[in-house]
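Heads up, the next two complexes both have chain A, just with different partners, chain B and then chain C.
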Partner chain A sequence: MTEDGLPSSGSEGTAGGIPQSPQTPLPPHGMQSTTSMEPTSPLRLKLRRVTEISIIGGSAISAVLPLIALVAMLVVLFLEAIPAIRFNGWGILTGSTWNVGNAYAAFQHSHGVTHLVGAAYGAWPLIVGTLLTSAIAIIVGLPIAVGAAILVVEKLPNAIASVIGLFLEVLAGVPSAVIGLWGILTFGPWLAAHIYPWLSHMPNVPVLNYFRGNYNRAGQGLLTAGLVLAAMIIPIIAATTRDLLRQVPEATKEGAEALGMTSAEVFKTVQARWVRTGVIGAAVLGLGRALGETIAMALVAGGIQYVPSNIYQGASTIAAAIVLQLDAALTDPTGLAVKTLAELALILMVITLSVNVLARVIVRRAAKGAVLPVGAGF
Partner chain B sequence: MAVGETTAGALAAQRNSIATSRKIRNHLWWGVCSVSLAFVIIPVVWIVWGIATQAASVWRWNLFIHTTATQNGLLNAIVGTFLITAGVAVIAGVVGIGCGVYISEVARPSVTTTILRSASEILSGIPSIVFGYVGYVALVVYLHWGFSLLAAWLVLSFLVVPYVAKSTELALSQVPLAYREGGEALGMHRTRVLRSLVMRSAIPGIATGLIIALAISIGETAPLLYTANWSDHLPTTQLVHASVPYLTYPVYTFYNEPLASLSALASDAALLLLVLVLLLILAARLVVHTTQKYSPNRALRGK
Partner chain C sequence: MNVRDSVTAATRCRGHKHKARFTKAALALSTAVGLACFGNVAAGAVTTAAKTKAPTLTSLEKSLTSYENAYPSGTTLTEAGSSLIYPLMLEWEGHGLASGLSPAAGGSGKGQSGAETGTLDIGGSDPFLPLVTLSTDGVLNVPLAVSAQLVNYNIPGLSITTHIKLNGTILNEIYGGAITMWNDPAIEAINKGLTIPAVKIVPIHRSDSSGDTFLFTTYLFDQDPTGIAPNGPAQLLTWPKVTGELAASGNAGMQAACVANPGCIAYIGISYERNSVAKGLGYAALQNGYTGKGAPHYILPDTGSINDEVASFKEMPATGGISLIDSKSAPEGYPIVNFEYAIVKQNNPKAAAVKGFLAWAMDPREGSAPSYLEPVNFRPLPLNALTIAISLLKQIT
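Entry: the complex of A and B
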């Protein structure tokens, strides 16, 4: 099969080390199974070639499709966003006003783009909302996920570890709309009734004074959104940390134990150093997921495009805005509002792409060839 | 002598206190870890329990026979979700498995395979809303498909292809070399070895990946809002120019409807989704569990 430019298996047309031409039928040995396994008639040979070529061709096409999809997505978004990029300039990153404009007045032209009177698109509150909710999610979720993974690997028997693995899979598998519904019907109101009254009496000192302020009854806002996000990224970080910890060689741990260290000290000297980089990578991967989470944020964050002044205030994220603003955007007869959503999607894609590439570089360096279920989400 | 005794006593006391503080710190450390674990378990139980009780209080069995047009059922959404998921299983299955086979079996490890693998991994990190928006711009608007089943299939399929590809590649890489060598020693052709030996032993891993991909596609909302839109009526098999209903839509939009019968459907749909995802996760576990006993790796390693 070398004429296809393919690596030959070397076994072509040979049986028992004796070179044979493919056309020669095998001697009737009573081992008919060999004959049926290796087709020898010209027709069957042709059929085999067709099979081989279709496997190679089909799989090659499939393998290229994700790359094509990736490039196509970037190109489509960029082309779609060009008018919005020309109209908004850098203002989209710094401005705070989001106004589709007056659809009943005459259209205006500026920067070579037709737009409505008063149209202004500033995504600064969305960028702040995205970064803050994700930051809360990482600050809360990372220690919890890592602590749980440590306990599961180091102390718990396999049967319990397997059950907790199931819990992580369920948490990772719950649809984001369902988590959002839980956040808005159960979790948010509970926080507003039991936790926020207590939390809002924090002393008036820097950092903690962001906890002072009013919250709404439904608990919709920055902190609730961050906590819901934390629940969504915990499975990613915990599962990765767990699998990394399981790769730490027993002998190294035993060596540290033989020196008389307590199990916590063993962990700090051996496992912590072993998995450190990988856990950072997993955290960045979780961050990527948090930055792009849409439906749960659209439900829980409050959908308010202002820069929040305390941690309970309603906010919105880039991803949530793309969903929440579509209906309003479609009312813009000039189409600029929809194009601006494309620009938002482009910004979001660039942010998450860089975060994910960073995470994978870190994890790959940490794993050094070991296969990790990173990014599998489960 | 007296001086020496006091020093020894002080040393012993100091050593004792160090030992005690190390013990306390050890217990504290594992205590903190236990609390973390509790914070992982609590949300899972709380979400499942919260959704289940919410739905139980408004549950009606006849939601399986009415459509949302009557405000009394979810039949159209259920059928739509199955229709969408079945299509995704076929498209993402073919493309994902093909992708995994190419990277692991057909191509030699090279820069090309690294690029292809990275592209697939990066694709899995892109937010689903971006998939939805691109699908809207390119398929719904530019290709004039309108809100349609085909657009939903394509967008969701590319969303989950990386998961299928990754698990296929992993499963294939775990098939022992001895299997391939054995096949070749029997005079089997390369394609035959791939089909009859390698793929067959990789089936459990591939199946698990597919199941996970299906669980993800059942739970997606954002990409479908832009491609399938929503319809109050039973979906047809019409590929373009027909909106398709799906289960996550009522969860996302009906929950604050003033009409009680409609807002109840949000909780019902959430419970149905949760049950579907749980079943898929258990199915994946079952596949892993039952096949591990007969796994080639296990047999060869003598475990």
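Entry: the complex of A and C
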């Protein structure tokens, strides 16, 4: 029971008979506080105690709430998904067939679960689609974002830099439905008309051979999805990196310059080391958004549940599938389809959480090596 | 084919070794047995097929009028679902008893789930619902109009007035990836005398939970049960992996994707026919289910062939749920024809409004007048279906 932050608190503490806290009374500021407060003090004190308890209690609840929410979400999802987990087994992670089944035929029972004839749920193409689109987004988006941040902080005059910075921040706030719509109406067809014809003539060597193959005129598919995701995460990563670069002390940079380094060398030895862990963090932030991005993926990925054999083919992601399939799932009279979507959600959460944990480990490792960049490279 | 399904359902069911014959009339019986197997109580709602003691149109119109008159003016009704019936809803919107209607598309699956959960007043659906769903969710599928589905294509170099002949076997192979070129020998074999350009086929299917997919896979399954839908028709399924395949959402999305991708094939509702033709999409003559003299028959979708198909279904089940696809007894019938359904709660807080609007919608003098139906190429309900539909309205309370 601490009661500081209020004027003339010491004297009231005594009057109310509350165990005196070890704090020193504030100077009375020439005010006759003791006498003037005495008649009202018990009531005031009670009020104050209530306020205080409610503040502490409230903040305690607010502090625990996110934790409870996360745990509750996981538990509820898991409980919802139990029948699906029993029915699908490990097959959901490895299988590629996704059928709700025939609602017009008699139900079947297996693994203690009632299901439709022909029901089969394999999410492997969705898992692959989720990871591949996000991977493309990071591979394409990270260099662009970091490059943009460097340009803004190091090279551009302040006036232009601040305008670009503003755009970056605004871009980060564009709703994903807008970006998705742009992807399906403008960006996808444009890529298919101007970029993919050229890309598809890549030499037939490992990795690059995935760029060979057919693409559709709408541009729907894995690569477009990845590029749309990149457009979404670039502003996030760029804005964070820009802020990090601004925190690099001028003195260190100047010191390095004084040693006769070129600006590239300065960047390599000073800024790069300084911001490295932060950029990884920003990348993970972007990756988190990419993995969970729903509506844009539902629009541009193509909605095809197969592991694509070239980079232009239609794909789907876990988040997009949940949205695209919910209506179909709700019409399954056995309810198994909805439970399976819950299982999908659970899988997505596990993927996202593991990426986060992994990133933390990386950041911690990297942080150990680069406490202070000064002199580290010499 | 759903007859076949429910027959298998009935025969599979333990303790019910009924040998139901595969006739359309067996539907009500077999589904009733199937229902009994699930231990459902609503068997009363699924009495035998309506005996066609054909009520006259005038008597039916009289009961429609009484529902229409009971419509509480100023009520708003939300509708969403089937993108096949959506253009008709747009025709209706703002007219007559549809003045309070606010329609949306979203796929039949959305219409069904929305009506079942109560988020929608009316769910638009191309397929009828399984009996289990009707009873457990307390919903009705009320037939509203007759619709059909086209198999559209975009083949550069082929005149739009030329209609390629196709059948279920070939469509199964196209969507299964076995046939990849438009000038495949199998396609040319049934299109003698027609030079089809060597264009790569781009199969397009729906990505949302779609009644059109249901209708299309019903046809595919009926013509070739070993094809791409071995478990029977579905609103959503894993399509075989085909290089260059596309998925699109809604009939409008299918149309747009087909226009944008030469070589495409897409199943699109007849309500989009005019628009599709205007955008340069052709449509196929499909082999129907008729196996008698002169078969196979390749039929184009038009008023006559759609009416023939519907007329071959003499008996309507009391639930209103019946597949009109691939009739064996309509030599000139177009094979992919269906009733458009309104899915509504039986125990309905807006009962009077829902009944009034639905009565207005199916009334051949009102919502089902040619002025509304012709722009979207729908037909009014035949008398036997209208009789059932009115009896379903009666059950909304």
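As a convention for this text, the second predicted complex is superposed on the first by the 313 of 378 C-alpha atoms of A that agree within 3 Å, B and C clash if a C-alpha of one lies under 4 Å from a C-alpha of the other, contacts with A are read in each partner's own complex, and residues count from 1 in each chain.
Heads up, the rule we're going with is that a contact is a pair of C-beta atoms (placed from the backbone, for glycine too) under 8 Å apart; a residue touches a chain by one contact, two chains touch by 3 or more.
A quick note: this is a predicted structure, and the numbers were derived from the prediction, not measured.
Visitor: Examine A:Ala105 and indicate which partner it touches, taking first as chain B and second as chain C; both and neither are also allowed.
Guide: second
Visitor: Tell me which partner A:Lys155 touches in the superposition: chain B (first), chain C (second), both or neither.
Guide: first
Visitor: Should A:Ile304 be classified as contacting the first partner (chain B), the second (chain C), both, or neither?
Guide: A:Ile304 contacts chain C only, not chain B.
Visitor: Is chain A touched at more residues by chain B or by chain C?
Guide: Looking at chain A, the partner in contact with more of its residues is B.
Visitor: Which partner does A:Thr186 contact after superposing on A: first (chain B), second (chain C), both, neither?
Guide: first
Visitor: Scan A:Pro66 for contacts with chain B and chain C and give back first, second, both or neither.
Guide: first
Visitor: Which residues of chain A are in contact with chain B in one complex and with chain C in the other?
Guide: In chain A, residues 326 are touched by chain B and also by chain C.
Visitor: Over in the complex, which chain C residues touch chain A? Could you list them?
Guide: Checking each residue of chain C against chain A gives 2, 5-6, 8-10, 12-13, 34, 37-38, 106-107, 109-110, 112-113, 116-117, 129-130, 132-133, 136, 202, 207-209, 230-239, 241, 243-247, 249, 257, 260-262.
Visitor: Please give the residue numbers of chain B that touch chain A in the complex, ascending.
Guide: Per the touch definition, chain B meets chain A at residues 22-23, 25-26, 28-30, 32-37, 39-41, 43-44, 46-48, 50-51, 54, 94-99, 101-103, 105-108, 115-116, 118-131, 133-134, 137-138, 158, 161-163, 165-167, 170, 173, 184-194, 212, 215-216, 218-222, 225-226, 248, 251-252, 255, 266-267, 270, 273-274, 277-278, 280-281, 284-285.
Visitor: Please output the residues of chain A touching chain C within their complex, sorted ascending.
Guide: 96-107, 117-118, 189, 213-214, 216-218, 220, 302-306, 309, 313-314, 324-328, 330-331, 333
Visitor: Per the contact definition, I'd like the list of chain A residues that touch chain B in the complex.
Guide: Per the touch definition, chain A meets chain B at residues 1, 7, 9-12, 14-15, 34, 37-38, 48, 51-52, 55-56, 58-67, 69-70, 72-73, 76-77, 80, 143-148, 150-152, 155, 164, 166-171, 173-182, 184-187, 231, 234, 238, 262-265, 267, 285, 288-289, 291-295, 298-299, 319, 322-323, 326, 341-342, 345, 348-349, 352-353, 355-357, 359-360, 371, 373, 375-378.
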